[in-house]
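Next come two complexes built around subunit A: one with subunit B, the other with subunit C.
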Partner chain A sequence: MSKRTLPRLLQSPAVLLLLVWMLVPLGMTLYFSFIRYVLNSLRRPEWTKPSLSNWRGFGNYEFVMSSKDFWFAIQNSLFIVCSILFATVILGILIAILINRVFPGRGIVRVLLISPFFVMPAVNAVLWINMILDPVLGLNGLAVAGINDLVASLQSAPLVGGFFSLWPEFEPISFRATQTSAYAVIMMVTWQWTPFAVLIFMTSLQSEDQQQKEAAVLDGAGVWSQFRFLTLPHLGRPIAIVVMIQAIFHLSLYAEIEIVSRGNGNKNLPYLIGEFANNNIGAASATGIFAVILANIVAIFLLRMVGKTLME
Partner chain B sequence: MAIVAPPSKFGKVGRPVLAWAVGLMFFFPIFWMILTSFKTDADAVKPEFLFVFKPTLENYLNMTENYDYWRFAKNSVITAVAATLFTLFIGIPCAYAMAFNPSRATKDVLMWMLSTKMLPAAAVLYPMTFLTKSLGLFDTHFLVILVLSLINLPIVVWMLFTYFKEIPKDIIEAGQMDGVNTWGEFKEILVPLAWGGIVSTALLCFIFCWNEAYWTVRLTTTDAATLSKLIEGNRAPEGLFFGRLSAVSAAAVGPIIILGWFCQKQLVQGLTFGAVK
Partner chain C sequence: MGRIVLDKVSKKFGDVEVIPPLDLTIEDGEFAVFVGPSGCGKSTLLRLIAGLEEVTSGDVIIDEEVVTQVPPSKRGLAMVFQSYALYPHMSVRKNIAFPMRMAKVDAAEQERRIEAAAKALNLTDYLDRKPGQLSGGQRQRVAIGRAIVRDPSAFLFDEPLSNLDAALRVGMRLEISEMHERLQTTMIYVTHDQIEAMTMADKIVVLQAGVIEQVGSPLELYNAPCNRFVAGFIGSPTMNFLEGAEAAKHGAHSIGVRPEHIAISTTDGTWKATVGVAEHLGSDTFLYVHPDGGGEAMTVRVDGEFAARHGDTVYLTPTAEKIHRFNDNGLRIT
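Presenting the complex of A and B:
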């Protein structure tokens, strides 16, 4: 056995399994995206079996691109991902800096902070949309009702009563509604992923050059300029990594969207694919190919970043 | 000599207070879920019992009756443990070969593995449903274990690779000089040295398997359904069952949160593929 054979042999199960896992389903998706293929059709029963004779060329892609849902789903996917990224990066930096010093109970605070990240997505969504955001029975509804009661009782109070009787009655926001369900998803995912950003930024802050910082302090640099010219550049790379890893994860959000509103007013690409896949497999596959392209654009940047440090 | 800036007033009092406030705020939803799980369904939605109530264990005691919790929990444990073991079984030899006998292609293979992770699951939803149904694998433990293994294999290989890389090659070479064969080299030298890394990789893989919520929901119905599927199926109780739903949710995430506390550090390495240290 030559020196090269054994390492190859050891790698082959993993490589082969992943190769099959990647090529077979993706190849099928590509094939289905070019044929007419529906699960139920009384009028054209020949379309219910995948076959080359139902070749449609780019017809499915044209069909998908002309549907309003598709463009809405792309827009909504990007809206959700960008909002979550913006919120988690800002919060992540602030919190990481806040707990980067020693203080009493720091270990416990870290444990409290990281916990949301380990909550399974289904529980996260069920917990937020019911126990917290429900407009009547959740904390959201109870808090608004409490404020209304307080205002009502103050209206009959002497002196300030006149002022409070001008106040309107507050309405709790329903987060299952068409206009608001995306915000509910953004909120719960931000809650879950901010700890991830904090953890990464904190790890990175620990390798920050302290001597450089001390020199800056001696030169009279203020807190803001220390942050702006030392900490922020140091965090550049972790920020890029947090952004890209999260982009990949959140482009395929599914459970949260399903649980919050069954996609009502809040479809993203994976959800739209799931809906198409109830009957129109051709369209679902074409949408899938668009999702792959979108994810690849993000992934190429990530691979470049990671590739640089690989062999260090 | 290090110059220590005199602690400002904020540093002494404000920072700890603010940090604790932020920590408690982030933990609050979990705390709330646990608190609600000790209320009866009727008490859970009454404002007068927000914080002060008569705690009860009935939601936990009736978990089997209400949700058939243990059946789903058993499926979660079986699939996550088996998938973790299988992934390690395939991943350790692979990472071992990559770390100690790298060829020119190693870097590209690693990159390619990572890229399979970026394939959006939804894109292959129908082919997977179609294939598994026609092969009779739909809703079986075997399928869930296989899929969980495949989606975690790239991360596991990457993590193990970054751990193995840290082991000095001299040690391995010294072993070879002494006539140790590959299996012995592996068992006597590599595994003891990288034990910590292997354990934390396994823990993280187990957490990811347990929390997976796309394939476990879409490729199962009853027989192999995991806790993700159970919770997803009870998404909208219309406010009737907040108590019992909180209890089953807490039981589904509790063990994993505690496990997660132990591998915070590995999480950074695992999820950033060693690019942030």
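Presenting the complex of A and C:
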């Protein structure tokens, strides 16, 4: 037995397990995406069993691509993911820099800041849509009603009354409506995932070399130059990590979309897969393959972009 | 120009006074070395001059101008750090250009100064590399290059050689000395290594616990240390101190004799001693000997050819005019 055979033999169960874990579902998805396979059909009962005799070729893919929500779902997936990434990275950097300073109660503030990350996604969505974004009972509705009341009371006031009577009555935004439900999802996921970004950026900020900063101060760099030329490049790799991990997670958002509007006006690819999977497993599998391709394109694109802008 | 005056400068961190008020003048073009054991406040003193720390009281004066409230970048000083503090994401060229970029020097002038600095420091071939791809000595040169292009009124070095290996340290020491001869700019150099201090300085400032023990040229400090601390700190191997009866013979509380000022013989002499360890360096041999009749072990520097082994009996004779005498406060008796 050569020197390398034994280690390889010992590794092989783990490697095999991982391979099976990954390849079997992928293979089955590919297989189902090329056959007619439905859960329930009175008209064609033979389609309810997966079988090669039900071969459909690229038929499922054509069916999915021509379904009315497919392109919208792709576009919406990208819109949601990119918006969340943009917001969490910017907020994450700002908050991380803020709490990296020394102030009393810093430990407690840090724990509080991290806590949204421990809320379950479905709970997060229920809390946001009912307690904050609801146009009547949520903070959204209460705040708008409060402003309207204030304006109304000022309209009868002397001097400024004339000015305020020109004001219209404000309408609270309904985040369950078709045009706005994506924004609700973006808000709640951003709230939940900003702590993740803060956590990673904060650890990175703490490892920043203080002598470099002192050298930069002596070289005449102001606060902004220090941030632009030292801190931001230093954060390049953590930003890439945050973007990668979040892109993968948020391409598969489901609970929030389900709870906010049940997919009305706000579908992404996973939600579309869920809808197809109510009956048409073949179409759902084909959509799944599209989702895999989209995830890969997004990952490569994002990595390149982050790498280029920050690591020169 | 770069005449730096510290006027009753003191520094407290909270309630701890690390530097009691002190006065010091460093003349234009001088190479001053702050030397002392770790924690003696030498780096803090340098940072006070640079403006990286605020003075608690007193004034820092550069070229007759009080700069105590002036921000670090406006003091016209350049600093080289122990860890080099290069900007890791920038190429060598951009590192050197950074202070000029911050000062909005025009591009052609930047390029000219970078080329000149790179040529002087043998960095021309490395301009497009990142700091991570350079050796320790090259990184140190880049840090110096970044300081040179600013054309500062004084250079501040904070233990710049302590991260380098021994051979490289000697080389860089020579380069820095040569640079000082060429530029004739004021340099302040902080080190805990008395050999660096002796070899490079025009003026050595010996510090202990934030207090200046003595200021003088290397040879002044070597020949006439004003107290026991300076006497023990300057010179290698360190001075031998004797107290009690031997010191009383010379009318002092303690006397000090440098290892190189002791004559050795195998037949007769003032003190009889037994060899403990002999360190053969080739050019010299350092003998660590135990005086017969007790007392502290002493170091003797003898010729490299002198044959001595553990357990040999030797006789030591100090050179009378090279004996340093100290009173019971450790101060020099003249």
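To be clear about the criterion, the second predicted complex is superposed on the first by the 275 of 312 C-alpha atoms of A that agree within 3 Å, B and C clash if a C-alpha of one lies under 4 Å from a C-alpha of the other, contacts with A are read in each partner's own complex, and residues count from 1 in each chain.
As a convention for this text, a residue touches a chain if its C-beta (ideal position, glycine included) is under 8 Å from a C-beta of that chain, and two chains touch if they have at least 3 such contacts.
Remember, predicted model here, so these are calculated numbers, not experimental data.
> Considering only the touch criterion stated at the top, classify A:P172 as touching first (subunit B), second (subunit C), both, or neither.
Touch partners of A:P172: none, neither subunit B nor subunit C.
> More subunit A residues touched by subunit B or by subunit C?
Touching more of subunit A: B.
> After the superposition on A, what does A:V217 contact: first (subunit B), second (subunit C), both or neither?
Both subunit B and subunit C are touched by A:V217.
> For A:G263, select first, second, both or neither according to whether it touches subunit B, subunit C, the two together, or no partner.
neither
> Residue by residue on subunit A, keep only those touching subunit B in one complex and subunit C in the other, then list them.
Subunit A residues touching both partners: 214, 217-218, 311.
> Under the stated contact criterion, what part of subunit A meets subunit C in this complex?
Spelled out, the residues of subunit A in touch with subunit C are 209, 211-212, 214-221, 225, 229-230, 233-234, 236, 311-312.
> Tell me, which parts of subunit C touch subunit A in their complex?
50-52, 71-73, 77-79, 81-83, 85-90, 98-99, 102-103, 146, 150
> Quick check on the complex: what are the subunit B residues that touch subunit A?
2-3, 5, 11, 15-16, 18-20, 22-24, 26-27, 29-30, 32-33, 36, 45, 47, 50, 90-91, 93-94, 96-98, 100-101, 103, 107, 109-111, 113-131, 149-150, 153-154, 157, 182, 207, 210-211, 213-214, 217-218, 227-228, 231-232, 234-237, 239, 242, 245-246, 249, 252-253, 256-257, 259-261, 264-265, 267-268, 271-277
> What residues of subunit A sit close enough to touch subunit B in their complex?
The touching residues are 3-4, 6-8, 10-11, 13-15, 17-18, 21-22, 24-26, 28-29, 32, 95, 98-99, 101, 103-106, 108-123, 125-132, 134, 136-137, 139, 142, 145-146, 191, 194-196, 199-200, 203-204, 207, 210, 214, 217-218, 237-238, 241, 245, 248, 251-252, 254-255, 258-259, 269-271, 273-274, 277, 281, 284-285, 288-289, 291-292, 294-296, 298-299, 302-303, 305-307, 309-311.
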